[in-house]
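What follows is chain A paired twice: with chain B in the first complex and chain C in the second.
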Partner chain A sequence: MRHARAFWLFVGPFALGLAVFVYLPIGWSVLLSFFDARNTVTPSTFVGFDNYADMLTDGPFLRSLGTFSLFALFVVPLTFVLSLALALLVNGIRFMRAFFRSVFFLPFACSYVVASLVWKLSIFNGVRFGLANTVLAWFGADPVAWTVSTSPPWYWLVLVTLRLWLQLGFYLLLFIAGLQRIPQVLYEAAWVDGARPGWQTLRFITLPQLRTTSVAVLLLLLIGAYQAFDEFYNVLGNGPFGRPPLVYLYYTALGSGGQDFGHGTAGAVILSLLIAGVTLAQGRVFTR
Partner chain B sequence: MKALRYLALSVSAVIFLVPFYLIVRNGLALESEITATSWTLFPREIHWENFAELFNDPAVPLLKSMTNSLVVAVLQTAGTLLICSLAGYGLARIPYRFANVVFYAVVATLMIPAAVTFVPTFVVVSTLGWVSNLRGLVIPGLFSGFTVFLFRQYFLNFPRELEEAARIDGLAHWGTFWRIVVPNSLGFFAALGVITFVTSWNQFLWPLVIAQDQDAWTVQVALSTFLTAQSLNVHELFLAAAVSITPLIIVFVALQRFLVRGVTETGIKG
Partner chain C sequence: MISRRRLLSAGAATALLAACGSNTGRGGGGQALRQWYHAYGEPGVQQAVERYAKSYIAPVEVQWNPGDYDSKLATSLLSGTGPDVFESTLQVSAVRSGQIVPLDDVISAAKDDFTASILAGHTVDGHVYGVPQAVDMQMLFYRKSMLEKAGVQPPSTVDELVDAARKLTTGGVKGLFAGNDGGVEVLGGPALWSAGLDYVTPDHKVGFDDPAASSALAKLRQLYEGGSLLLGSVKDWAEPDAFTQGLVAMQWTGLWTVPAVQKALGDDFGVLPWPKLNAAGRPSVPVGAYGSMVNAKSPRVNDAKDFVRWLWVEQTDYQEDFNLSYGFHIPPRKSLSEKADKLKSGAAADAVKFVRDNAKPSNPPDWTSAMRTSFKDAVARIVRDGANPDQELKTVVSKVNDELKRIYG
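The block that comes next holds the complex of A and B.
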């Protein structure tokens, strides 16, 4: 009894907040997703699985899931490989190591909004005097309309480089922490056994020892890509192309053209199940 | 071999710093220079008077939105640390029949990222009448299951001898937590606090959803509104962006030790 009171004294405030701001919304949204809920959150017209059927038949939501998959396909492996490579480089030096680590981590101080500003208006602004087009001109290439070009879809280059710049430093820190946990003894033993530092030690010591870090990084990257919103919203707006699921849900449920909570919450439920599924599957595959 | 490493690192470092340079360069240049037909790396002269123009422009609520961001970030950091550390300690140290049930309820939320539930959360918060006010901006973000999880892991590894000594001195859980555990865990609190502050300052989706009146805008919402509406001079927009990242640059320089620890603590969850 004394324990019960102490327990709720500590955990009570959080448990209450969790119930009101996490579990109540989830429950409410599952409920709303079965109703025709336009401009109301207390709907009366039960429609069964119609909202889900609408979202899962060919249309903007399915296309936006496709958009996400494509985005993840590029940005996850690229960030993984580049942040690991930079971490190996930074970890292998002594002089100025802290300096380089700080420089690569500095973009983390920028919001996606600020990065979108730089990418959209200064680097990839599509006019001849933009930075990217100036560089192209040095090589005699024609200027490219980066953010509005769909064939070829150059806007992917804009969005992938933006995310790379912003998040590389975060994963770099994770990899450096992982590298520093590897016991030095392993490298010394390998040296005695005749393994030369370089490819061999990387392949047989470093990468296997980084397994836990790698799983965590992959998972965070994938979940992060699922939730892409800020840079797409700010660089592309509500355009007909390059629209990730969250941007579509935002305009469906909260856009100026009417608040369609039924379809919006059905989409949110589908997306949540998808993310939870990926998390579980990846955890299972990699921790085996 | 060493030289090659340094060359690769230096080239990458320069590329990483270019966007920062562009923010400052565009912010302190003349509009005509930014939109000139040929690109110049260095502006002909630095126009410090752009600061006065930006802060005196009645169309740009920069100070107001910076203040909002600061209030939100400070309250969210303090609130998250308080609520989540208490919960983490309770789950780690107080034996209670239903502690496991509560813990599983916390862990289950780790699977569902908050961003995905922004539509239903908005429904709840708007029912409470918290749209466009401070409560709506701050309170829904305080209940991070992940932060509770991290605190619980940390307290599980806290030296029990210290707590038992306090118990012998007659302190109950509450006294032990505040007099013994917290003072000996300040580094961990600082690490999670800094990362919470940075994340809060830079968050965009939730403020966009909830801060609909201009008076409630955070600085990210203000910047985004002017960016997507293209209703502002380019140099003014860039200078505003430069001003908006200054507090975080200060945090990065002054508290980097805790920030690095915060990233590695939050990045890898067991």
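The block that comes next holds the complex of A and C.
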């Protein structure tokens, strides 16, 4: 009895907060997606699956889903490999390990908006005195309008480098934590058995031992790729090039007079299902 | 976890505070009317609007809203906690969903005094929903000395403009700056108007289902492709920096930059509307105005309407002060814009003339967000990617048709 009361005393407020601020809005969104909900969140016109049908035939929305599936295909392995490599390097050095760990982690603490503005306005601006264009000028090349040009689509270079700079540190930290949990005895046993440090121990000890960490990192990376918003919104705005699904949905439902919650929430549900599907498939592949 | 608990206790505390403080309306008239403004950038505006409100016979509480005003306003109108009186641009969806009330009786005494094109931006189905407060407009700025040096006349057709931009591009100077996206954001409308077309016709049909629209947008592509546009500048089209720093010979920007440009360049600049493309078209300037509106969910709609009539129809001296003493706007009322000394010479006088003769609502009420996104996507693909204008516009026309059918049946 006393136990039950203590349980609810501790858990109750948080469960209530979770229900009110997380589950209720999710449930409400799903409900809205079946209504014609323009400029209202208490709609009365039930439209069944019409909003879903509209979104599934909506050119820009489908294109953004396609673009970001492709984006995930590139950026997930890239971030994975780079953060793993960095983690191995940082973990391998004998001195100043904490310093390097902090140095690489620091960008993660930077605001996405601030970083986007630095990338857009200082490094990759299109005028001749921007950082990237100054470097180009050393080699006699003409200035490039990095965030504007679509052929070749240089904006991907801007956004991928930005994303890597912001996120590598976080995944680096996850990998370092994973690396430090591998018992030293395994390496010693391998050494006795004649395995040479380097590729062999990496391939047969480190990577298998990092399996759970790797799966978690992949999962987070995949979800993150589909949920991209801040840096794209701040660097590219609302154009048809490199527009994430969430930016499109934001303009449908919220930004600048959209207020079409029916279609917006239907799109959000479709996106959630897609993310769930992709992560489940990914889990299947990697946990077999 | 802690933060969530904090949030909950903070929520409880605010509820308590709100309960204590809800009845502080001055005098016996009950609660004060609540009026919202977005945060104007010019110093002094906030004090001014508070001063106006204070001199009204009933208590009015002014709230200044920095940040994303449109989203905040939309959310508060949805949830029923919105202000009684607020400034906004007009969207047909707000009318259809009954968020705002018609103000025909409020404006009737002075309706003819308001510039027709401005009032059109606040009218749906023949009813006025907002009383225009201050007019902003965009136009083409050009550097007289640079044009003279290159032997170029101020352009009076789109072809002349394309040609001038090419000739003015030399060394480190580009011909024209119309935004970092190559003009996609701001030149789509002017391109249509240059060919005598429009977003939506007065009888609610697509206004650009016409081969001329393709050729008008192809001109923007020509500008972009020709390398005479400044792209990826640090400041965007709304700031005069690229123009005043001599990075470009011409820039598409707003009336609000005139003081800064005058300070930097003195007399060495002139202004033009966006020129016409062909004989069917006319030169144009996009205009927009925030209008004062009344929340339909307000418990005191009539009091709110009285206040709007008092401030934005009757108090012409306040309207003049609001438009001319702080930033640089044109009063929406002809009687005020004609007698303002500040608007009698130079670029400002030209701007007044353009608003009278060439104004087009930059964002008409029935040009919805879905239409806007679709149109801008197409313009972006045509201009930046070289997509086929006919095909791109076909998609937009069908989208806009669907939307119009939904709105007007």
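The rule is short, and it goes like this: the second predicted complex is superposed on the first by the 279 of 288 C-alpha atoms of A that agree within 3 Å, B and C clash if a C-alpha of one lies under 4 Å from a C-alpha of the other, contacts with A are read in each partner's own complex, and residues count from 1 in each chain.
To be clear about the criterion, a contact is a pair of C-beta atoms (placed from the backbone, for glycine too) under 8 Å apart; a residue touches a chain by one contact, two chains touch by 3 or more.
Values in this document were obtained by computation on a predicted structure and should not be read as measured data.
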More chain A residues in contact - chain B or chain C: B
First, second, both or neither for A:Phe14, with chain B first and chain C second: both
Touched partner set for A:Ser102, first chain B, second chain C, both or neither: first
Partner chain in contact with A:Ala225 - chain B first, chain C second, else both or neither: neither
Which superposed partner A:Gly130 touches (first chain B, second chain C, both, neither): both
Touching partner for A:Ser111 - first (chain B), second (chain C), both, neither: first
Partner chain in contact with A:Leu210 - chain B first, chain C second, else both or neither: neither
Partner chain(s) touched by A:Leu121 [first = chain B, second = chain C, both, neither]: both
Partner chain(s) touched by A:Val158 [first = chain B, second = chain C, both, neither]: neither
Partner chain in contact with A:Phe241 - chain B first, chain C second, else both or neither: second
Footprint overlap on chain A, where chain B in one structure and chain C in the other make contact: 13-14, 17, 41, 121, 128, 130, 237, 254
Sites on chain A touched by chain B in the complex: 3-4, 6-7, 9-11, 13-15, 17-18, 20-26, 28-29, 32, 41, 86, 89-90, 92-93, 96, 100, 102-123, 128-131, 134, 165, 169-171, 173-174, 177-178, 212-213, 216-217, 220, 223, 226-227, 229-230, 233-234, 237, 246, 249-250, 253-254, 261, 264-265, 268, 271-272, 275-276, 279-280
Chain C to chain A touching residues, read off their complex: 1, 4-5, 7-8, 70-71, 74, 78-79, 89, 91, 93-94, 96-97, 99, 172, 180-182, 184, 230-234, 247, 368-370, 372-374, 376-377, 380-381, 384-386, 395
Chain C contact footprint on chain A (complex, rising order): 13-14, 17, 38-41, 59-60, 121, 124-128, 130, 145-151, 237-241, 251-252, 254-260
Chain B - residues contacting chain A, complex: 2, 5-6, 8-9, 12-13, 16-20, 22-23, 26, 35-39, 83-84, 86-87, 89-91, 94-97, 99, 102, 105-106, 109, 111-127, 139-140, 142-143, 145, 148, 172-174, 177, 198, 201-205, 208-209, 220, 223-224, 227-228, 234, 237-238, 241, 244-245, 248-249, 251-252, 256, 260, 263-264, 267-269
